[in-house]
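For clarity, chains are labelled A, B and C in written order, and residue numbers in each chain start from 1.
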Amino acid sequence: MSKQAQPHTETNANTGFAPGWYIVAASKDVGMNPKPSLLNGLPIVTFRDSSGQSVALLDRCAHRNAPLSAGRVIGGNIQCHYHGWEFDRAGACKAVPGLCGEPDHPARRVPSFACRDSQGWVWVYSEANVDPDSAPYEIPCADQAQYLTIRERLEMPGPLDAVAENALDVPHTAFVHAGLFRKNSDRQEIEVVIRTLAGGVEAQFIGEQRPEGLAGRILAPHGGEVLHWDRFILPCIAQVEYRLSDRSHIIATTALTPRTPTVTDMFATVVVKAPIPNVFLRTVVKPVAMRILRQDMEILRRQTEQVARFGAEEFASTEIDVLGLRIKKLLREASSGKASPPQEERRIKMLV
Amino acid sequence: MSKQAQPHTETNANTGFAPGWYIVAASKDVGMNPKPSLLNGLPIVTFRDSSGQSVALLDRCAHRNAPLSAGRVIGGNIQCHYHGWEFDRAGACKAVPGLCGEPDHPARRVPSFACRDSQGWVWVYSEANVDPDSAPYEIPCADQAQYLTIRERLEMPGPLDAVAENALDVPHTAFVHAGLFRKNSDRQEIEVVIRTLAGGVEAQFIGEQRPEGLAGRILAPHGGEVLHWDRFILPCIAQVEYRLSDRSHIIATTALTPRTPTVTDMFATVVVKAPIPNVFLRTVVKPVAMRILRQDMEILRRQTEQVARFGAEEFASTEIDVLGLRIKKLLREASSGKASPPQEERRIKMLV
Amino acid sequence: MSKQAQPHTETNANTGFAPGWYIVAASKDVGMNPKPSLLNGLPIVTFRDSSGQSVALLDRCAHRNAPLSAGRVIGGNIQCHYHGWEFDRAGACKAVPGLCGEPDHPARRVPSFACRDSQGWVWVYSEANVDPDSAPYEIPCADQAQYLTIRERLEMPGPLDAVAENALDVPHTAFVHAGLFRKNSDRQEIEVVIRTLAGGVEAQFIGEQRPEGLAGRILAPHGGEVLHWDRFILPCIAQVEYRLSDRSHIIATTALTPRTPTVTDMFATVVVKAPIPNVFLRTVVKPVAMRILRQDMEILRRQTEQVARFGAEEFASTEIDVLGLRIKKLLREASSGKASPPQEERRIKMLV
């Protein structure tokens, strides 16, 4: 009670933007037709060069600022539709049609971004003209033989931290997803352990029984205790992991890419192992997941609209908001280049 | 002439927002389904508690700022749709599902607004967490036996002061409502007396003949002199009263609630006594009133759009703009907590 | 090469608005119904008075700021729809219905603009209450017997300087209009002479062969050298002139009127003399011109959107951008009342 008796009201702390690797598209959607994206408001064009490697450049011709994504790929370079200037994968200018002389020049370069295909997604490093020493996040179990792997892209209303908190929040499921997992009755007390990860935070839920809703009954028809972790990992990973009996295992990893201050692209990779055939699993998991996500989109849209009407967030938290404030803090620190020392493990009680 | 020869150009004086009682909805429209409104840009949710009393809270959950109006009323409290937090009519937090411990806490309160049903309308006091010592405005003759009472809600383009001036302005009727009341010919000189009321201002028109238009002919088929007053009463009442012979009496009382800086909700209560049966009166008064109001909406929309293009009002007034500048002054003073001493009665001439 | 080796990146220099004569409408479209226009964001109403002369006033009633263009012309004056105030061609107030006394007063005047019909267009001088000592630009060859004259109005996305540069730019034609005039192959070196005009700048192209595209083949079926000039003349004229053999001559004169910071009205007068019958010429010139203009609108829209996303232009130019920077400089100087001395004639090479 002592801690819980001291909740506080947080006024909007702009969480900023954490540098790092973000997904901008599915690998299959990037090809010879230039594809425009927005990464934290910055227009980015992606395409594949002659060797099939994915390329990411600022989507603005150095000449007259037309979007390069309106042009085409020619000889592995991207050609602007306005005056035909061409840029290679490093952003160097390779052609200024009509000009007598060398096209390349420092003032004519387009900023380029490190770009990699990994696990079915095209990842872009958020800082221009940098060769990052880190690699994109590795999604656990993706495309492993025992797992069904489902990929989906959704446009979520809300800033990254609101979408991440929503994805990792337990208490809202009894209301927004009433009937699909938990319900607001017959609650039992469980323990939650909150621990610092490298560049992230994890909540482990101990003593939780299999949720009674539809999703739980499909994955663990015989009930039993559930192992459950929620994780946020900088700059953009929100991950929910469930183990229900030793035969069912599900990890939903979402990579969140801010488009604008109030719209976040969600690139979800869901891996499932369950004691039912994959062909049946696929027909069930995706519709249920989409129903959950549409419900979340609706409440996030309402939350985002209301925050916009007031001009800023004004949140009050309790101890069962186990990850929301930590996510904001991680983002705030990463965006300003600071980092706190790891926090001590913390244990709280929650009714689920 | 001396005064009239000194007109002045007024640049936009933001008239501000006067604290007080405003209508947000018809009583019949507030029930167990939470209803969202905007009061001067502030989202408000209204509903009825278990005793049937109307309740007004800030439409923002203290927790994650979702609109409470997206939730539902349960046991007389309003329950947020996101995490199920519940708030009572005073805004106190009565449930935080999942939390082990007491839900109520100062940081988890939602601001509440004094709220009363009166004369068919739900009135809300504009300042949060205040027990006002005043009562809502009492609409004269509403629901009295000899009077037909008509209620209507309209969304008017324009700020409160522009809508109030339009409602109380005589000269525009010959143009915007040509044919319905006055016309721009055969004008006669009348006298207008302008007096200070408590928290308001009144213009009385002396010597006016029954207008020749359709509205006049219905209410006073035999002509004669008209007694006519236009009134503005803080914070939001614009009222037009006509007596045509001793058998016809009409008072149109509009309560104006600013939604945004350029949209004003108009809650109109029209009471009519006339020497024709109510059943006939109703079939005539409402269509004529609606036609007048639609014409006013159109010119207010054009005025508001043009002021927006220029960024500010730049008005020139003459002495026959009898109430416009006084309304602006009353609102400006009330919004800044000042009050002028009553002004002396003033008499001018006007051609109608 | 020395100059070309020193390109520079220009960040957005707001080019401002040059005072002078602008077209707001075709003469045939201005009559007894008041017509609203926007001149650099300023609402203007045009109409004809009793003598048939065109009149331009600020489109804002001095009284309550309703748009005069919502009113009507009565006795040669414009009457506001709201309260019936009337204004003459000089903007003086001629009627305040209901007022006992003289309507005219300095505070009740509406700003008026010099306004002339010339060559099928209504030209307005951009500064209010000024009797300009200059005349509107005279469009060469318009309505001359040997020429077919075509007039067209289009709304172009983009600020005036971007639309003017686009209209006068050679290198983009091989890409945006691929197939219609030039192509990006078999290029030959030509010389471009850039000279200062009075209040303008001209580029002359020397040694250019007839373009191979459709437009060239219609106008000069037998090929040969082309005489070609591109001109910008303050405040708003972009002009392209071609002579192909001594029998074909085309001048496309566009008068550009900024509506808003990102939308420009283009009033085009195209005069053509060619060795084919006018009836055939008309059926060909207009569709080809419209196809070219639609392609330009599309790339201008994309450029304008992308500049808006970044908040400002960030252009890199080469010496074959022969007029763009000069147009910006002319506009910047004219808007701030400065003027540079004439620049020396400059010659560069270009591949076309």
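One rule holds in what follows: a residue touches a chain if its C-beta (ideal position, glycine included) is under 8 Å from a C-beta of that chain, and two chains touch if they have at least 3 such contacts.
These numbers were taken from a predicted model, which means no experiment stands behind them.
To fit its Cα atoms onto chain C, chain A must turn through 120 degrees, a value rounded to the nearest 5. Because chain A and chain B carry the same sequence, their contact can be compared by residue number, and under half of the numbers here are used by both.
Here the spacing of chain A and chain B, counted between their Cα centres, is 48 Å.
Within chain B, no positions touching two or more other chains are listed. Interface residues of chain B, counted against chain C in their complex, comprise 1, 4-5, 7-9, 162, 169-172, 174-176, 184, 187, 189, 299, 302-303, 305-307, 309-310, 313-321, 349-352. Within the complex, the chain B residues that touch chain A are 41, 43, 59-60, 62-67, 70, 80-84, 96-102, 105, 107-108.
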